[in-house]
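Shared between the two complexes below is subunit A, which has subunit B as its partner in the first and subunit C in the second.
Showing the complex of A and B:
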């Protein structure tokens, strides 16, 4: 356990080494979210309700989506493809360290740091833009949304890990990652709530793990789901976590068999 | 000029040969680009489906704006963005030396070394949809308007390139600041929406983003026949000014290049 705490600390130290780069990363994230925010602001100009959402609900969705997205989608596992292709994986294999836990610890470090910054950024944006936001008063919905965010973080971790394992079979890991990111961003509900999609597409989105990344935790926070739906969603999310964990382990074992330690 | 065109033709051929050597990579990149375009269009279709007007823009005009953006960003990614992406590494590892030693303009060779053919699909997607919408909505577009639209798209690309190059030049002083390129990708994404959207939301801060907001809205306004003479003049003026600044700034920055890692 001690060694993994040290990995978390090392991740922070690594990120803080190039502070300007980290700040730019955060600015990039804020710009991305601000564009979505302004877009919704423009769509709501002169309207009380669009797609069944009030302005405060949708703006809360967008702003909260920033915090949830930065925590859930913050990861260092995108390096894995390169680590495999350059032969650096050998360094992990000869150390008494679990590869999955190593990256999980790095991700925890990354997520916590990003979360702190995201909260400060959103507080600043709320102060400057003074949007009409919805504050949930039911403590149960808040707690359940925190649990949903935790499930989403694990889900994304295993999903991203699997994408990195492409590196065992292909030198090109960028295109599959980019493609999956495009699909994931759309079906995770980062740009808009998924229930504004046409019904068949919404039902399709529900069958994907991405559904639980951003959309589901925020809907729980907004109190727009019944307790039964929340519980069903959490259980389904956990089943996905278990499934992806199992597949990731399987792919890892198969990948190690074809790993040739080419490179450095 | 002719020598540069000849060099660029050779560079284009080399990029194509590299591409054909890794065909799976090429196919993957095309599928990724195509999906990105398809999801962007679908998102816009969906968001404007319940509105009749967004700050003076009708849903059809906003979709035309997305088409224009797809063409513009497709050309930009084909010609420039791959080169910008590797700029941080080149400077950080001192490999910029090779560009400075060649008997070629360093800004030219650094900006145009690789051609990313996979992004051509974004141009095709944008142009195809633009043509379809113009036909379907019976929008009268005379040849002159169409020519002016494409000329202004080129001016917009020059402005976008100059802004990217000015910002990327900062890498000479801060070579580890690789996220600046990622930031530029996001800032470029801002231009796909009507400038009025930012004007109303940002107030005075909007003027900081004014050059960006003109990049594609101006050519599309020409297409949908909105009165834009001052915007056209501003776009051309900004493009020329920013391009000159990018050249001067690059030459100034090179004085501080230390070639540290070589």
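Showing the complex of A and C:
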């Protein structure tokens, strides 16, 4: 346990090493959220309701999307492809440390640091922009949304891990990751609540794991799902986590068989 | 031409990668279009623009953005040149370092993407009804002006990279801000609208050409747009020259 706590601390030190890089990374996150926020603010000009959402609901969705997105999608597993391609994976294989747990610890460090900054940024934006936000008063919805966020974080961790394992078979790991970003940008619900889509497209989106990254946890928080739907969603999310974990382990074992430590 | 040819060859070395990138770019274009249509299915008009006009704004944004990425893909690779010291080798050569850093590596995938954008734009414009040649000419002129502003933005990002070695997030912040122009900047409220029209001239770059096409841009604003474009470009070149005087080589 101590070694994984040290890994978390090392991750923080690493992230703060290039401070300008980190600051601009945070600026970028804020700019992205502001773009979405102002878009919806403009759409609601002269309107009380759009797609069954009030202005406060949508703006709460967008602002929460920043916090949830920062926590769920913040990851260090994007390095894995490069680690494999450059042969640096050998360093991990000879150490008495579990590769999956190592990157999980790094991810926890990454997520915690980004979460702290995201909360401060959102608080600042709320103070400056004074949007009409919706505050959930039902403690159960709050707790369930926290659970949903946890499930989403694990889901994205294993998904990103799998993308990194492309490195075992290809020198180019960025192309599949770029494609996944494009798909996630739409189907994770960061830009808009997915239920504004036509029903066939919404049902398709619900069948994908990205549905549980941002859209589902925020819907739980907003209290717009029945308890049954929430439970169904959480169970489905956990099934996805289990499935991706299993596939990740399978791909990891197959990858190790073909790993040749090229570059070392 | 040689630099472009070499860059094209490099980019197409891995056909699988090229296919995945192309698929991603196409999907991004289509999926935002789906969002646009979903929006207009419920709202019918946004800021007094119809769905067809919104589509033309979106296609104009894609045209300028993709053309800039086509020519200036090398900007995304510039940081590595600076931190490794390879930029020294560019500086000692008898060619413009700005041109080399800016346009030394065109991206063929963006060239392929221009085909559906231009095709869709021509189709969408044909659906507008009667269009005068003068408004089309004005549209093309303001597209060129938009490209000039995009060039200015990329030069500023290069200048920042020379001074700080930070470019990755800077160029993506530029992309995020310009993405606000996927819809006409008129939809945003003041003071944001003025900010992204004249201070950070995204509106001049992306929205004004389409407004000219619809006959909604006055001669006064057209003149202002052209002045902003030219001025912005010249200021960015001055900033680049100033940044070069501060360049400290990593090693070479």
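In this section, the second predicted complex is superposed on the first by the 264 of 264 C-alpha atoms of A that agree within 3 Å, B and C clash if a C-alpha of one lies under 4 Å from a C-alpha of the other, contacts with A are read in each partner's own complex, and residues count from 1 in each chain.
Please note the rule applied: a residue touches a chain if its C-beta (ideal position, glycine included) is under 8 Å from a C-beta of that chain, and two chains touch if they have at least 3 such contacts.
Just so it is clear, the structure is predicted and the values come from calculations on it, not from any experiment.
Participant: Subunit B versus subunit C on the shared subunit A, clash or fit?
Facilitator: On the shared subunit A, the partners clash.
Participant: May I ask you to decide whether A:135 touches subunit B, subunit C, both, or neither, giving the answer as first, second, both or neither?
Facilitator: So A:135 meets neither subunit B nor subunit C here.
Participant: Just subunit B (first), just subunit C (second), both, or neither: which does A:175 touch?
Facilitator: Both partners, subunit B and subunit C.
Participant: Looking at A:1 after the superposition, I want to know if it touches subunit B, subunit C, both of them or none. Which is it: first, second, both, neither?
Facilitator: A:1 sits against neither subunit B nor subunit C.
Participant: Where does A:94 make contact in the superposed view: on subunit B (first), on subunit C (second), on both, or on neither?
Facilitator: A:94: touches no partner chain.
Participant: Show which residues of subunit A both subunit B and subunit C reach, each in its own complex.
Facilitator: 20-21, 24-25, 27-28, 31-32, 35, 38-39, 41-43, 45, 47, 50-51, 170-172, 175-176, 178-179, 182-183, 185-186, 191-192, 196-197
Participant: Note which residues of subunit A are touching subunit B in the complex, please.
Facilitator: 18, 20-22, 24-25, 27-28, 31-32, 35, 38-39, 41-43, 45, 47, 50-51, 129, 170-172, 175-176, 178-179, 182-183, 185-186, 191-192, 196-197
Participant: Report the residues of subunit B in contact with subunit A in the complex, numbered from low to high.
Facilitator: 22, 24-25, 28-29, 31-32, 35-36, 39, 42-43, 46-48, 50-51, 54-55, 174, 176-180, 182-183, 186-187, 189-190, 193-194, 196-198, 200-202
Participant: Taking the touch rule as given, give the residues of subunit A at its contact with subunit C in the complex, in rising order.
Facilitator: Against subunit C, subunit A makes touches at 20-21, 24-25, 27-28, 31-32, 35, 38-39, 41-43, 45, 47, 50-51, 170-172, 174-176, 178-179, 181-183, 185-186, 191-192, 196-198, 201.
Participant: Mind listing the subunit C positions that touch subunit A in their complex?
Facilitator: 14, 16-17, 20-21, 23-25, 27-28, 31-32, 34-35, 38-39, 41-43, 46-47, 164, 166, 168-170, 172-173, 176-177, 179-180, 183, 187-189, 192
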